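Here subunit A shows up in two complexes: once beside subunit B, once beside subunit C.
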Partner chain A sequence: MAANFWTSTQRAHWQLTRDKIADMRRGLDEEDTTKGLGLVYPLPDHKQLQLYFHNCLQRLARRLQLRQQPLATAETYLKRFYLKVSIRDTNPYLMLSTCVYLACKMEECPQHIRSVVNEARTLFQEFIPTDIAKLAECEFHLISELNSYLIVHHPYRTLMEVQVPLKLSPDEVMAAWSFLNDSYITDLILLYPPHTIAFTAIFLAVFVRPAIHTQANLNASGSTALNMGTAAGAGGSIVQPSVGQSVAVSAASNNPPNPSSARLSQISEWFAESGVEMEAIIECTQEMISLYDAWETWTDKVCRESVARLIRGRQLS
Partner chain B sequence: MSAPTGPSTSSTLGNAKRTLPFGNGNGNDTPLLAMAAETGDVKLQNDDSDASDNDDPDDLNTRIKKKYTKDRKLGEGAYAVVNLGHRRATATESAVPVAIKKIKVNTEFRDGITMDAIREVKYLRELHHPNIIALLDVFSSKNQNLCLVLEFLDSDLEMIIRDTSQTLSMGDIKSWMLMSLRGLWWCHKSFVIHRDIKPNNLLLAANGVLKLADFGLARSFADPKRNMTHQVITRWYRPPELFYGAKHYSSSVDIFSLGLVFCELMLRTPFLAGNTDLHQLELICQWLGTPTEENWPGVSSLPGYHDAGGAQVKERGTDFFMNTFIAAGESGVELLMKMLRLDPRKRCTARAALDAKWFSQEPYPTLPANLPKKGGGKGIEKVGSDLKRKAGELFNTPDERGKKVARKLDFGGGGG
Partner chain C sequence: MEDQIAKDSRACTSSAITSAMPLPPYTSKVKVLDKYHIIGFISSGTYGRVYKARSRHPGTTGEFAIKKFKPDKEGEVINYTGISQSACREMALNSELAHENVIHLHEIILEDKCIYMVFEYAEHDLLQIVHHHSHPERRLIPESTIRSILWQLLNGVSYLHQNWVMHRDLKPANIMVTAAGEVKIGDLGLARVFWKPLAALFNGDKVVVTIWYRAPELLLGSRHYTAAIDLWAVGCIFAELLALRPIFKGEEAKMDSKKTVPFQRNQMQKIIEILGTPTKERWPSITQLPEYPQMGPFKPYLSSLETWYQQVGATNKLGYELLSGLLEFDPVKRLTAQQALEHRYFTEGPKISLNAFEGSFVEYPHRRVSSDDNDIRTSSLPGTKRSGLPDDSLQPRTKRVKAGE
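Right, the complex of A and B next:
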């Protein structure tokens, strides 16, 4: 938390509309096509890539024992960056490591550049240059593409603040927290103020989770990708598991959420009276649900291979 | 981008950049240049090392960059070079002097951009207030440099305090305190602690307005239970809890520092000028009182607390302050005492301080335009010379360095 969201650069410069984001992405794609890169280095669509980058970031964050906040900041940086620079002009692995490195400094938990490079190399091997100066150089470009608007406001704080007045159970907070983690796969942080995303997560955790529950459970059994890194995260489990995992856990403990209807109506009343934009929450919810849809069929193989081909082909490592 | 090697990758980035909606400033450049040519501003005095970062029409951020010229070097510091420059005159605005702070990528430790620079950019990008130095623009040059364009301020409160040829009226002091508190209030309201309040970080604009500067040590409030370093704030202005190694503290550290600046404005010399950290703590005990469980519940459980033993001085009351700072008058002393309370929880907030009776009583705060100005023309060097010393330090001489507050990255993850 720093500065005030309402006067922040995030609100002034980095809260975009869906159309704007689509325009920016289309612009980059067209540029690639004219340069002839689009055909030579086909990439999966951006939803697929976002899932992939999210996984990569999460794995790196686990290795570095990061808290959720710097990870969320790094995810936001990467999203912002790739709205302005084409993926095909970059080495995505180096870029996402740079985002983690800068985010750590920003969130006052600096990591040594050497350890970021080392950990990144264990994950992405030859795609990360050993020379730390490369990452330092990338940091500079990142800051410059972000127009040095570096402070990011996240929804986690709102969740923590309203859990008491809303009398959320630890289970619900945990679930909402996981929804928030997953929200960083989507563009929500580029579209809505953080509190809207937080209320969406609460809404999902309290009202929609029983429905998703079954679906995500299927997911979890069907796709190993969902569970990736559970073992790696054992060290204090600083980075929280995603919904897929936590739902699986709650299913295992045979304790599905079953809030009393009185409480539900209390919470909906609170929502109604709070002046939260319900329309925005519905839109966010749809975004999240379509994420879980896409996730169901997603595997990292295609992304991994096409990114590798890109880096090798353009000799970006 | 890829790991760029040399100029070739810069052009890769350049290409990428050209696709951006705002990257290409050609439309604007011509009139700007023409205008500048008329006023004779075009020539860039290229007095620092990297020649290549000027005048390349293909360079990044061309539009922003072209708005400014660099006139001459003011100073060079650990992480930045400062140049005096100005914003070129345009059809609607006349030329404005600016300070261009070029941040070097840390080549020595090879650990990217230093935390100081990051913090400065991070906070100044968000904080906008008349009493906080304005970051006008940021642009980058392809030589790995980030350039911050800051409002140019030509003197600071320290120069005024040291210039004994001028007398400062209580109205003047009130005015400076008022402006400092407003700036500080805005920081704290935005959850930022400055952590290096001292007279030479309170800069003065030509029109007399005071502005908080140097956010190299600033940070946002930590989350509960997260540690912060106690190695901050220049020693003479550091509050007792930091000497005791407190890892959790709040905006009240800034209030204490500003309280001591208040004293200094009246005394015209630092009130508590310790030679070592221990000596500084002794001075605090001697002049303000010895921290005890009685006047500061919980103090003895701070990690660095030690019982001074011997003579204990009771926390000073109104009598002492009235004798020492009689000039401030009753309401001024009342405010000062609230700012210098030993127990950080008892200190007033910036908001409460702004409500002090003192400000609404005669003599009223002097209008900024009528405030005493720095003597002579030395002021122009201010922004530059300041850089030579690292924040948190007192002296420029190299041998003094290192004995002072150490600033380094804290890799413990405990926060800096």
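Right, the complex of A and C next:
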């Protein structure tokens, strides 16, 4: 149902296990190998690509001045799509632009197809066809592979709902919000219910954040001059920088005080009462930590080059 | 940097030229004509056309209504132009929703630049039922039928609202009734999920709900309207089932050249003539609505709803109570779907049947299906969208029946 995660198509069709996801990706890779595509168009592993696509989506979202929710929906569409269709059978830049275009319609902030194409072209140049019909055709492909299940439940809503009962400080809310943004680089939205991801982000914001200050220099690329805004605004503020950047900001000022043990037990109690599985939160946390590990050494060069080679080879040759 | 990439990939493409496989265009894995036998054409609208169909699959019985969305613009060559937001909403919401009083979506086929939404088939709709009772002569709809239809309609609306979906375009033509007398709310093309920021509700679509069923807060330019707008529409539909004509049949003021949304003075006039002039006492927040200053020139009227109710031939006092609860000016005081379902109009008297036709001897005509126009694939002629002529000329009666839209 539209507002009920428990009866949603997301829960019925798009909550997968790690094994299932690995199987699906392996299946696509094997097909590519059989077709001889794997050898001709080698691609970095999917974690690298996810970082890259996230980066591209975020840049496009900023150009279109989108809020976080449509961006999160676009990220979810792209992830779902690439579990069913091989990246090598697509133009990834066109695909991710299409995800943004469709997500904007679904999140009630429609963008003209022409402006999506224009903004995408300023970012991805000749890899985006000027003919809007190409993006529109891609939309058919996308909706068809998503089985028209277009409503996505996101963790942001849970965060907004529990910030008062959990007495989260504006700082903590903002940090949790940024962790949620980063969670879309991982597979979490394919694996866990949105509230589990929200609780993980809160857990990270309140207890783990001081520990990752050392990674403040992560992801120095991209614009850091963005207005941080208040994450608590209705519907979320315009697309924000990731945790790497936001942590850098708070580290530059004052380190937040370590949470008291009273606070810790209060929040753990609240988690326990609301029936959240601590085990799931720990798994999600591990996923996030491994993301920040991978991010540390990541550069977009390899991804950019291999994607360019793929598009040129398959479409523009 | 860009230069370097370009060089690299050129080198690559020339060496890999033999294994370069250009991407094929999008083709649907499922073909609508492989799966369905088209019986004939039902109706057309701005979105496209609806056909009646039967499944070719031996295990799938029953009939279907296939709604075909045309591409937005049509020229000599039909091109992909991006799917309309209303088609997106309808696809997405119907996929999530499942309720006995909301039309069931069987599947969606995306083929050849068109979207085919395959719905369960419903033999009747409220527009046609009202029409049948008013032509050639006026015969009231049996009260058991009205109570059943209204209860089922409210049950569906309640379900939508519980799931934070506002329909926003409830009108007789969008309320289907199956041959078994089950009410099915259709056409979620304007529906919206409303857990999202309320401020955004006004953005995008400037006009919501066909004017005769449009709630007063919308007429007064409310930006923060609520699900209560659907209950106003239900009130208007209830009145129409009783009176066999729209209760507030205003003339729509068209958008001017500046594309500003005009104040619907005539529609407001029709409402006030029956319900009386809204006062600050009756509707405290009215003064904060953008178009409130427009209310100045209206002559003060007293409510004559009770007289209206008697004049149309209705006698059930509880029905009058329910109607006035639905047609309440103040959206805060208006009955919710849940409250309306618990109203004594339903709980007292004979038990509500889930078959609207139970105990009724009225024979309703079947939906008109034109079998000489059953080519679902090619009948989307260029330029049919605005005039609607090719469709209506084949279907002279369709136009009359659909006049209430």
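We adopt the following convention: the second predicted complex is superposed on the first by the 289 of 317 C-alpha atoms of A that agree within 3 Å, B and C clash if a C-alpha of one lies under 4 Å from a C-alpha of the other, contacts with A are read in each partner's own complex, and residues count from 1 in each chain.
Simple rule for what comes next: a residue touches a chain if its C-beta (ideal position, glycine included) is under 8 Å from a C-beta of that chain, and two chains touch if they have at least 3 such contacts.
These numbers were taken from a predicted model, which means no experiment stands behind them.
Chemist: Following superposition onto subunit A, is the placement of subunit B relative to subunit C best described as a clash or a fit?
Modeler: clash
Chemist: Of the partners subunit B and subunit C, which touch A:G36 in the superposed model: first, second, both, neither?
Modeler: second
Chemist: After lining up the shared chain so the two structures overlap, which partner does A:L123 touch, if you call subunit B first and subunit C second: first, second, both or neither?
Modeler: The answer is neither, since A:L123 touches no partner chain.
Chemist: Thinking of the overlay built on chain A, is A:R312 touched by subunit B (first), by subunit C (second), by both, or by neither?
Modeler: Once the two structures are laid over each other on A, A:R312 reaches subunit C alone.
Chemist: Looking at A:C138 after the superposition, I want to know if it touches subunit B, subunit C, both of them or none. Which is it: first, second, both, neither?
Modeler: both
Chemist: What is the contact status of A:I289 with respect to subunit B (first) and subunit C (second): first, second, both, or neither?
Modeler: Neither subunit B nor subunit C is touched by A:I289.
Chemist: Looking at the overlay, does A:I151 come into contact with subunit B only (first), subunit C only (second), both, or neither?
Modeler: Touch partners of A:I151: subunit B and subunit C.
Chemist: Does subunit B (first) or subunit C (second) touch A:L28, or do both, or does neither?
Modeler: first
Chemist: If we overlay the two complexes on their shared chain A, which of subunit B and subunit C does A:A280 touch? Say first, second, both or neither.
Modeler: Once the two structures are laid over each other on A, A:A280 reaches no partner at all.
Chemist: Once the shared chain is lined up, is A:Q111 touching subunit B (first), subunit C (second), both, or neither of them?
Modeler: It touches subunit B, and subunit C stays clear.
Chemist: So subunit A touches subunit B in one structure and subunit C in the other; where do those two contact lists coincide?
Modeler: 1-4, 7-9, 35, 89-91, 101-102, 105-106, 108-110, 113, 132-141, 143-144, 147-151, 314-315, 317
Chemist: So in the complex, which bits of subunit C are touching subunit A?
Modeler: Touching subunit A from subunit C are residues 2, 5-6, 8-10, 12-13, 16-17, 19-23, 25-26, 28-29, 79-83, 85, 88-89, 91-93, 95-98, 108, 110, 113, 162-165, 192-193, 195-200, 203-204.
Chemist: Taking the complex as given, what residues does subunit A use to touch subunit B?
Modeler: The contact residues of subunit A facing subunit B are 1-4, 7-9, 24, 27-28, 31, 35, 65, 84-86, 89-91, 94-95, 101-102, 105-106, 108-113, 129, 131-141, 143-144, 147-151, 311, 314-317.
Chemist: Hey, which residues of subunit A end up touching subunit C in the complex?
Modeler: Against subunit C, subunit A makes touches at 1-4, 7-9, 35-37, 40, 69, 89-91, 101-102, 105-110, 113, 125, 132-141, 143-144, 147-151, 157, 234-235, 304-305, 308-309, 312-315, 317.
Chemist: Once bound in the complex, which stretches of subunit B touch subunit A?
Modeler: 1-4, 12-13, 15-17, 19-21, 60-61, 105-106, 110-113, 115, 118, 121-123, 125-128, 138, 140, 144, 146, 189-192, 219-223, 228, 409-411, 413-416
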